[in-house]
Each structure stands twice: as structure tokens, then as C-alpha cells.
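Shared between the two complexes below is chain A, which pairs with chain B and chain C, respectively.
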Partner chain A sequence: MTLLRMTLAFFAALALTTGAQAQTPKRGSTLNFAITAETPHYDCQGSDTFATLHFASPFYSTLLTFDLPKYPAVKGDLAESWTISPDQKTYTFKLFKNVKFHDGKPMTSTDVKANYDRMRNPPAGVVSTRQATFQDIDTIETPDPYTVVFKLKDINPSMIEHFASPWNCIYPAEKLAADPNWPKNNILGSGPFKFVEHVKGSHVSGVRNENYFRQGQPYLDGFKGTFFSQSAAMLNSLQGGQVLAEFRTISSADRDRLVQAMGDKIRIEESSWTLNLQVVFNTRKKPFDDVRVRRALNMAIDRWGGSQGLARTSALRHVGGLIRPGSPYAIDPKELEKFPGFQHDMVKARAEAKRLLAEAGVPNLSFQLFNRSIAQPYTPAGVFLVDQWRQIGVNVEHRQLETSPYLAGMSSGQFDVAIDFSNLFMDEPSLGLAKYVSSSKAPENRSGFESPEIDALIEKQSHIGDPKERIKVIREAEKLILESSHQVPILWWHRIVATHKILMGWEMSPSHNLGQDLARVWIDQ
Partner chain B sequence: MVAEAAPALPRPARRSPVLAFCLAQPLGAAGAIAITAMGLAAVFAERVAPYDPVAIDFGAMLAAPSVEHWFGTDAFGRDILTRVIYGARTALAIGFLSSLLGCTVGAVLGVASAYFGGRIDMGIQRLVDILLSFPIIVLALVVVAMLGRNLVLGIDFNLILAIAVPTMPRVARVVRSAALSIREMPYIDAARVQGFSDARIIFRHMVPNVAAPYLIMFTAAIAQAILLEASLSFLGLGVTEPTPAWGLMLSGNASDFYREAPWMILFPGLAISVAVFAFNLFGDSLRDWLDPKFKV
Partner chain C sequence: MLAYLANRLLLMIPTLLGVAVLIFFMLRVVPGDIVEVKLRGDGGNPSQATVEAERKRLGLDKPIYAQFGDWMVGLAKLDFGKSMWTERPVTEEIGLRLELSLQVALMATVIAILISIPMGTLSALLQNTWIDYFIRIFTIAGLAMPSFWLGMLTIVSLLYFFNWLPPLTYTPIYKDPWNNLAQLFWPALAVGYRYSAIVARMMRSSIIEVLNEDYIRTARAKGVYERLVVVRHAMRNAMLPVITVIGLEFAFLIGGLVVTEQVFNLNGIGRLFVQAVGRNDFTLIQAMVMLTAVVFILSNLVVDLLYAVFDPRIRYR
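So, the complex of A and B:
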């Protein structure tokens, strides 16, 4: 029922947004909005945090994009049109001919090819968190400057959605050729806004790209994204009108406060969210290489009880498996209860957890919980886990770091146990499961866990066209992953976005990664 | 003629110094009592506190003060009285250790500066000038940002260092001025004539004579350190959740829920105020009591 209500609320919000779009957009004004974390670098292709997208999306274009009012349908961005061969193995894209990078040079199929080559087969020293996603691409051909042909090794039913991923920013090929890591510290795209400045610890700003290939867009003169590390400061700025929006989320308590203080001046949109927090055990380290220890620590977490309490004060809400609860490929809750960490009888589960720890020889386990210092919902999740593990006699030190050192620590494996996030942009099983592919193949799997069996199942499901058959294989993979307990969702999030009502054209979706190029956003004043 | 022994004068009863201090400085005594109470609460927190400070109870979230929870509960249903009691442990541990470090290093630098004079004095005093030119909180923020965290037995030693660094120049300046007058005393000249080493003169003859200003600065520094720790924790640079700490209790969820649950900020705020006030009262009274000029 809760999911049904959320779905209805989401579509009601979409209807409102669509209604807003029906008005004639007004040109001009600069949008001030809040970003609640600062990106560690500028490279979309090597990132999986919203901090990079909310910062960089306005400067870049992608091949396709999601059509948010019709989510999860996709539409062209750089691609004017596309065709898929009858055997579903060849994707041919025709590009717009009037696209230019911000330095005035034309964007062609060579640039698209260079970027997809970089993502699927990153050069030494380049991190591509999209590598596993694009492994099915066999060859990329560019028969002319405005045609790109992707040939797949095998059928991949989700490939078209992957081409619409907001992380696939297109950089100039010549810059990548000169330095494959150039996008980490430089910005040059073909998006609706040109980069003006990034003042670290303060803001990022952009100005309208007068040569943007979609005539008439963007509507704004420019934007300024201000970084906030304290949610109270961000809320005060939102309430005071210094910023008109924060596009990620606010807590339900903050929502109530804004509505009470601002009445009809604030617009609230809600949706379930393609995002979860996960507990990740570093299997390269002892004793977390022992499945009994991981399973015990998972079993000690009362997810059902936690979801009731944390939902009142944080963005954490839904108990779910590896695929977003309520979405077509999600596991049934009754089936989920059979796995460690999802049981209802916590007395029994904690007794079993203690037994497993004793059996593994670590009855008085102590470790450090590595976490991100973002108030919502990382801190509540950390406090919750510390309490849960304390109840089986485990002593945990909670360590919170800013986004940049946190991500560096996660990538380099400098942690015992960590709170990680699965930041998806759509409900596509291959995307959701990509994080569980062995660490050697998928850098976003920070557990260090290797399992050819799981890899094979994830690979297998991605080539099955029949949904019923596909679900069976997904369940097999999910069973192995949940039982190995190396990386398991804690809770799935609930998204609440508050925007001033004068902000128009922005579209709500179940992912905070989508729709952030600001091309169609305008201010009604 | 046999001289008669003069009748022995009645010997005045010797008062205990503690009682003498209490009678002479009642406000300081009140401060000392509050500090002692906090110290006892910190040491015996496990016995005094009614609940576990990190135990979550979603059934009691944001509960108002009641018989079960005298100070109410926070957004995780944790008992605020318990967390205030355990918070005293964090405040006093960090306050005491950082003040001890800052004051001791400051005192050594101050005495050395006064005793040697010349270039050494010039060098140390210019360093002190540089450090004094930064506001205390800014200097502490810089140190925390540079060093990050270094937890040993649950105590962040870099946080202690960050609070000790702004304390050090203030103590160095005060102790130097006291040591300058001691350096001119005849017994220091006599020690030099005897051929005593510089170290012996400093540690046997000068340091004991700057103990009074040291103690006074030490108590004042603890108050300042408690405030600084609370400020850094409030800014997210001090201790981290779920450690009970007064400054931390004022941030995070408290800033989201202080309208619905004002007790979340009221009691930790009161604890900080009482602690700082108590140390300041005690420090001021100690100064009055130890300084001969005030006695005259």
C-alpha cells in the first residue's frame, strides 16, 4: 500500500510538473540551488556520486537521455534518431549536426566513440565505473561524422537505457587522446551551460551556452550551485530564498518544517528512490574474509524495525533486496525474509549471530565503520548500525569523512566495514547488479569479493529477453549474494524534493541523477 | 635570678586550605563543587546514568521529559540525561588533556623565553604573536582540517592537539611575564653564582614560582577547551556520532527537530554553560586566593 501511495504521489507530482511545463517558459534569471556534497573530481564516467552530476550535468550532453514525464522511456540528446537491428545486436545512432563543444569545435561521432571506448576499456590510470555496464559492446564504428554504430557481442535488453545514463558525459576526443585523465580536472562539454568557475568549498557556476544545439534553450542566463555540508544551513537558505531548490532530498521532518513556514510558496514532490545504502565488508581483510563473520554482522541488523524508526527522521525507508522494492524485478518480501539480515525474529537472529562470531573465533569483535559525513542519511545509518552490532557484543568505532577522502578510502580499500551506496538511475536489473560483479571487474564493488559464479549469473540474466526467465536467474544471483553477505543493502531511500514554486520546468523522478542538465528549467518572475 | 619561662602563646588553629578557600571564595567553592560533580559523573557514568548512551529506542523517539526520561529523548530515542552524563566524560577528558598539553608547553616556552632573553626570547615571542593573531576557533579549525582524526582508545588525539595549540601562546605570554620578575630575584642570581645549570635553575627555582599563574591559566583553559570542543563537534569536526558529546548533541538531528523537541538542545546547552561557568568561577577565585596582591 505504501508503495502504491508513493507511486500515485509520484505520478501526481509528474502531472503537476507537466502542468508547469505547459506554461510558456520565460528567459532570463540565474538559478541558485544547493548541492549537499562537493564533487571530488569532474569526471562523470569515473564517478557514482550525485555530487558530480549535480555539479557537472549542466555542462555536458549524453547520447540519449531519459524522458522523465514518461519514465523509464528514453529520448535522444545528442542522438537525433536511432535504430536497433532485428537481431538486437546493432545500435545505429544519427547525431545532431549542429552540436559544438564550448570551445567552438564541432562534436562528431569520433568524440562519441572515444568516450565509449574510454568507459568500456579505460586506459591505465583511468577509473571507469561504467566498465562492467558496457562490456557487451563488441565494436564501435563511425562510418561518417554523424553516425555511430555499436555492435554488441550478445543481446542486452537494457542497453538502450544504458545509453541514456547521465554518467556518460561526452568529452572532446582530442582532449582524451592528449590525456585520458583530462576530464578529472577540466570541464569542456557541449551542454546547455558553459563552465564559469568552481570555488572549492563554496560554489560552481555556469552561464548560458548561446550555441547550444537545441534552439531557444537553455532558458536561464546561468546558474550557481552552492555547496552545503550542514542540512540546517541548507534549509535556512531554502526557506529564506537564497537558493530555490535542493534536488537530492530532504527529510520528512524538514519537509514539514518548510511547508509550515512557507505555505504555498514551496513545492514538495515525493517518490520512492532508486538508491540504497549498503553495508560493505572488506573481504581482503581478516576476519571479514570469513562468511560466518559477515553473515553474523548482517543478521544483527533489524532492518524491519529500523525502517519504521528511521523513516520518521531520515531518508531511509524501504526494506528490499538488490533490486528496488516495488519495481518489476524486485524480490518478494516473503522470500526476502529467508535471507540473513532480513528476518523478523531478532532475538533468534542475534543469538545465531553471536554463535557464528564465537564459531569464527571473534566473539569480542572490534572494528571501524567507515562512513560519509553527509547528515542525510549516512549519519543516521551509521548510528543505527553501531547500535545494532553493539547488541551482539561487537564494538564499533564510527568514522565519518568528507566525500573526497571517503571515496578515496573506499576505492583504495582502506576500511574494515563501510557504508556504501548504490546510486542507480533506473530500475534495470543489470544496472542494479553491476555493483555485485567481482571487484576485479567492477571497481564500484568495494568489498574485494570475487565470485565467478555470481559473475556468470549476472552476465546470463543480462542476455535473457523473457522477463520470467530473467527473474529466475536474477533470484539465483541474489541468493548467492545475500548468503555470502559481502555487500548487502541496509535500507532503500525515499526521495522528497522541495523547490520554490517560481522554479519551473524541473522534472521529478525516482532518481536524483536524472534531469539535472537544467536546459528546460526557468524561473517564473 | 631565675628567669621564668614566658607563657606559651596559644597556637592559632590551623585551617584546612580547602576550608579556607571555601570560606574566602564561596563562589569559587560553588564552581569547584560543580566541577567535582561533573568529574564524578564522568568517572562513574556507567553507574549513574539510567540508560545506555548509544542504545536506540525507536519506540521512545523525541519523547518529552518525563519520569522515564528526565531530560527527554532524541531523534533515535536515546536518553538525553544519559548522554549529558556521558558527555561530561568527553568534555572533561578532552578539556583536561588539551589544557594540560597546551598549558604545559606554553609554560615551558614562557619560562625559557624569560630566562634566556635575547634572540631566544625574540624568536619565541614572535611565534606567540603569530599564533595569537588567529582567532582561537580558526586556529583550531586549521589544525583539525590539516591533521584529520587520530582515535586512540576512543579519544581523538588530533582534536586534543587542535585545542592545545591555541591555548599554548596565551599561557606562554602570561607565564613569561611572571617569570621575568622572578628572573631578577636575588636567589636566581645566587644560583647562577653557585654555577647551577640553566636547566636546574629553570626547573628547581623558576618553574615552582610560576605555578600560581599556571594553575589559574589551566582552569581557565579547561573552560575554553570545553567550549572549543563543543564548537568543533557542532561543526562536525570534533567527535562523531554516536559518541555522547555536548556540542555534537546540539548539531545533526537536533538542528532538524529543535522546534518539536526543544529539550534536545536545551540540556546539552545547559551542560556546556554550567561547565564553562564553573571552571571560570573556580579559576577566578583561585587567582584571587593565590595572588598575594589580591590578599592585601
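So, the complex of A and C:
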């Protein structure tokens, strides 16, 4: 039922957005919007925070982009067209010929190659958080200035979506050649807006790129993104009309407040989100090396009930497996209910959990829950878990730390049980499953759990071209992971975006990292 | 006087050196790694090699003594280094916010003085009258009400009653005085109220104490006008502890308005401080602690010099 509501809400949102797009866009006006974090640098290729994208996307183009009304379909951005060879190992892109960087120089295949080389094989001193993503690329050829050919070592069914990643901003090759770290502190793209200024701690602004290669776009004269560190201040500004949107999310309580205060002046769009919180058991420590203990603790969590309550106070809402519920590779809810921790009958589940703890010799278990001191949604998730485990007689101390010591503790394995998070930019199984690869191979798996069998399945699915075959292997891996219960999703997040109704052309999606170039956004006034 | 001033300024050097050593080693004891926050803080998944390369680039792979040596050499040259988070010079990061924080602190101080001195004096002179009771309630409310809460009330009231909010972007007062004051008056008022409550209570108790001194009785016995007794003799002497409080509060305001800055979305020093601590941005934290220490030392110096202005018995040699 929840899934149905979620799907309906998403399509209703899409319908609204599509409806808005059906009107003739008006040129002019400056968009003021809120960004709830400030980027540490400008280099998309070395970043993983939305703060970089909401800041930098309007200045840049990418090879492909997601077609949000048809998500997860992709469409060309710099690429006018593309072909994939029958063996699925060669991708040939034809580029638009009228693309110019903001300094007036033409954008060619040399620039595309230089950027993908930088991402897959970063020079010394360059941080590329996309290195693993493009490890399957063998060679990049540029037969002419407007053709780029990527040859892969092996089939990678998600490669086309990776080419549409918003993180793959294209910088001028000559700037990269002069200084590979140039994009960290400088902005020069071919996107719909030209950079005007970044006042640290205050705002970023851009002005229309009159030479943008898509004729007639962008519609806005410019934009100004103001940084907010507190949601109350942001909400006041949204309500007061100082900003017309915040594109990441607001809580359901904040949504209700805005709707009550602003009535039909505000537009609310909702979707499930490509983010989840997870509970991680440190399998290097006793008794969490015992699968019975992990399974018992996992079984004690009433996810279905929790999703009702937590949805009212936090961004947590959707019950799901390892892949975002509702997305193409997600597990069927009926199938999910068969796994520990996803059952509906909590009386029976908790009795079984108590039995497992007694059998493991820890009927009066006590431990510390390691959590991040960020109110939303970490604190409610922690409180929820403590309460769930209390109901099977487990005594838990909830310890919340600032981001830096939290990450240090997670990296060094100095925790019993922790709340971790997964932040994906799209529904791609290989991205989502990367966190479940054995800890010795994937440091982001904080549980210390090792399973060559799971690793082999995750690797195998990443090279299967046939979606049906791929789903089968994903289900096998998911079964092993959920049954071993070393690291399991608590709930998936729910995204709520509030925009003033005069803001048109912005498209909602399940990821806050997508659709932020503002090229098709306009203001109806 | 000049010798005294030079002496005090020279004494700043060992004090600041002590602060520098303390903050450097205290930060290294605290668990956490800026590279982890930078690369993994938002769910990123960089390889271990990437993490190590970034650590090396920031100089965090060096032994502690080598990092300390670099920091001390930099300090001697007044080079505070670059923020590990933004990789911009810390002087640039701080300078950008200092102007705003300094203005809010000055405006709050002016508001506090304008409210507190007359109120504290009236309250003392009209002790146990309804005016005194009113002022005492007013000041106790100021102490009990956190500045950020008053700030939130102010913002919500402006939005609800006038559908207006202070500007979001800071404009220097010399460029656009109206816009500048429209933005900073409200936080200065919210902070200034609490500040005035502290100073008014100090003023009241100080005047009550001074009014019982022998020299006041003597002045009255000599037939000096009551207004002159109060203004020239009582208030002037009562100002000494009040100046001390004003000096300390002013220094605190430079970096201590964290929540108020968040409520009004001000790009100030307090917010920068908290962000730097949250990210383990060692170089920025170190520079900001040094700045705070300098502000406290200088404001104490100014307070000491003002003592001599208000109390002729005090002479500095």
C-alpha cells in the first residue's frame, strides 16, 4: 500500500511538472533558491555531496543526462546521438558541434576524453571519486573533434547511466593540462549559466550563457543560490518568498507548515529517495560475530510499523531491501517479508529474536549504538532502534557523535553497532551493492564481514547485460546479505521538495543530485 | 602610559604562543580526520589510495612535530596557512566574516549601553519603586531568554505581521547603509537585549554600592546638586565593573553568536567556527582560536585603559 501511494505520489508529481512544462516558458527573472550546505570546492568529479552539484551544475554540461520525466531513461546533453556496439563493449558518441565554453572556445572530443581520463586515472594530487565507476573503460578514442569512442574491458550494463552522471562535468582540456586541480577553485564550463560570484558562506550566483548550445535556453536571466545552515531559517525565507525553492528536501512537518501558511502558493512534490539508513553490526566484535545475535537484533526491528511513525517526524519512510523500493531492480515486498527483520508479525518475530539471543548465550545483551549527531533523520532512527531492541530485553546506550569523530570511529571499527548511510545518485544495483562487498575489499562496508560468495555474486551481476538474468543474481546476493544480517537497511528516505508555484520547469526525481542545471527552469511572472 | 602599553603588547606574545601550542596539540588529540569528512561525509566511496593521497596532499601524513614546526614557522611569518576544507587562505575565510561579526558586536554593544546605563541607574536611584520592579523584571527576562530564541520570535513576527524578512545577503555599510542595517539591526537587537540585561543589573548593583560610599555622603553634605552627585561621582565610579562586563561580552560576541547567526542566516565568525570544528579543519580552527585570543587580550587592554579614564586614582606607568 505504501509502495502504491509512493508510486502514485511520484507520478502525480511528474504529471504536475509535465503540466508546468506544457506552458510556454517565459524568459527573464532571476531565480533565488536555497542550498542547505556549501560545497568545499568546485570539482564535481572529486565530490560526493549535493552541495557541489546544486552549486556547480548550472555552469556545466555532461555527456548524457537523465531524462527525469522518464527516469531512469537517459538523453543526450553534449552528445547529440550515440550508439552501442552489439557486443556492448564500444560506445560511440557524436557531440553537438555548436558547444562553446564560457570563454568562447569550442568544446570538442578532446575535452571529453581529457575529463574521462582524469576521472578514471586521476593524475597525482587529484581526487576522483569516480575512479572505480569508470574502471571498466579500456580506451578512449577521438577519431574527429566531434566523436568520442569508449571501449570497455568487459560488459557493464550500467555504463550508459554512468555517462549520464551529474558528477561528470566537462572542463576545458587545456585547463586540465595546465593544472589538473584547476577545477577545484575555478569555474569554466559550457553549461546554461556563466559564473558570476561565490561569496563564501553566503551565496553563489550565475548569469545566462547567451551562447548556450541549446537555442532559447536557459530561460532565466540568472540565479542566486543562498547557503543556509539551519532549516528554520531556510523555511522562513521560503515562506517569505526570499527563495523560491530548496531542491534537496524538507521534512513532512515543514511541508505541513508551508502548506498551511502559503495555501495554493506552494507546490509540494514527493518521491521515494535513493538514500537509506542502515544498521551495521561490527562482526569483528563478540557477540556480533554470531549470526544468531545479528539476526535476532534485525528481527526485533518493526520496519513496517516504524515506517508509519517515523514518516511523521523524519525523512525515513519506505521499507525496502538493498535496492530502492519501487525501482526496476527492487525486491518484491511479498518476497521481502520472508527475510528476517521484514516480517509483519512482530510478536512472533520478537519471540524468535529472544530465543536466538538465549541460544547464543546473550539473553541480557547490552551494547552501544554508534550514531551521527545530525538531527534528521539520524536521531529519530537511533531512538527508534533503541526502543525496538528494548522490547526484546536488550539494553542499548545511544551514542551520537559529530561527523568527524563518527567517521573516524566507523573507519577504525571502534563501535558495537552503528547507524550508517547509503547515498546513491541513481538506481543502479552495482552502486547500491558496493557497500556489501567484503570489508577487506570495500572500506565502506564497516561491518568487517567477509564473504567471497557475496563478492562473487555482486561482481557477476555487474557484467550481465540481460536485466532478467541480472535480477536473478541480484536476488541471490540480496538473500545472502539479508540472512547474514551484518548490514541491513533500516528504512529508505522520502524526498519532499517545496517550490513556489511561479517556479516552472524544474523536474522532480528520486535523487537530489539530478536535474539541477536549471536550463529549463523559468518563473511565471 | 606608552611604556605600559608597549609592555602589555609585548606580553601578548608569550600568551599567544601558549595558546598556539595548546590548541595545536589539543586538536591532534581529538579523534577525527578531515579527509574522511571531506571524502566520505556525504556517503562518498573513494578508494583507500584516494584517501591516502588526499591526506598526503594536506600534509597530514607528516609526523606531529613536523606539522607543529610548519605551523610555528607560519605563525612567525603571520602566515596562518590554508583552510584544509576550502583550501583558501584562512585569513581570506576569516576576513570575509569578521566585518559582519564585528559590526553585529558593535551594534549590540551600542544597543546594550543605550538601554542598560540609564535603566541600571534609574533602577538603583529609584530602588524598590514600581520603576525599579519593572526594570528588574525586564532585565531578568533578558537574562532568562536566549538571544537565538528572541531572534526566532523576531523573524517569525516580522514574517507574520509584515510579510517581510531581513535581507539574506550581507552588504557592507559603506556600500548600502539601508540594506546593511535592515539585515543586521535585528540580530544586534536580539543579542543586545540579553547583553543590556547583564550590564543593567551590574550597573544597578554597582550604583547602589557606590551611593553608600563616604565620598557620596560627603558630596551631599557639601550641598552638591543631586544630579552632579549621581553623574559625576556615583556613575563614574560605578562604571568600573560595568566596563569590565562590557569588555568581556564584546569579546565573546565576536565568535560566540553561533545560534543567532544560524537563526538569521548570517555569514559570521561563530558559524564558521562551528563548521571548522565539525570538519576537523585544523588550520582554520587554530587561526580562529588565535583570533579569539587576540580579541580577548585587546578588549582586556582597552578595559584596563578605560579604568584610568573613569578613575583618576588609577595611573599606568
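Structural remarks
Operating definition for what follows: the second predicted complex is superposed on the first by the 342 of 525 C-alpha atoms of A that agree within 3 Å, B and C clash if a C-alpha of one lies under 4 Å from a C-alpha of the other, contacts with A are read in each partner's own complex, and residues count from 1 in each chain.
The definition used in the following text is that contacts are C-beta pairs under 8 Å (C-beta built on N, C-alpha and C of every residue); 3 or more make two chains touch, one makes a residue touch a chain.
Remember, it's a predicted structure, so these values are computed and weren't measured experimentally.
Looking at the shared chain after the overlay, A:Gly125 reaches chain C, while chain B stays out of its contact range.
Contact with neither chain B nor chain C is seen for A:Thr30 once the two complexes are overlaid on the shared chain. In the superposition on chain A, A:Leu407 makes contact with chain C only, not with chain B.
With both complexes placed on chain A, chain A has more residues touched by C than by the other of chain B and chain C. Contact with chain B, but none with chain C, is seen for A:Phe384 once the two complexes are overlaid on the shared chain. Applying the stated contact rule after C-alpha superposition, one finds that A:Ala232 touches each of chain B and chain C. Of the two partner chains placed by superposition, only chain B is touched by A:Ala375; chain C is not.
Applying the stated contact rule after C-alpha superposition, one finds that A:His398 touches chain B and leaves chain C untouched. Applying the stated contact rule after C-alpha superposition, one finds that A:Asp254 touches chain B and leaves chain C untouched.
Comparing the two complexes, residues 229-230, 232, 405 of chain A contact chain B in one case and chain C in the other. Looking at the complex, you find that chain A touches chain B at residues 229-232, 251, 253-254, 257, 305-306, 308-310, 312-313, 373, 375, 379-380, 382-384, 386-387, 390, 397-400, 405.
Only residues 54-56, 58, 61, 75-77, 148-149, 151, 154, 236, 240-243, 251-253, 255-257, 259-260 of chain B touch chain A when the two sit together in their complex.
On the side of chain C, the complex with chain A involves touching residues 30-34, 36-48, 50, 53-54, 57, 85-88, 92-93, 96-97, 152, 155-156, 159, 163-165, 168-170, 262-265, 267, 271-272, 275, 277-280. Across the complex, chain A meets chain C through its residues 32, 40-41, 47-51, 122, 124-125, 127-129, 131-132, 184-185, 199-203, 226, 228-230, 232-234, 236-237, 239-240, 242-243, 275, 402-405, 407-409, 411, 421-424, 434-435, 442-444.
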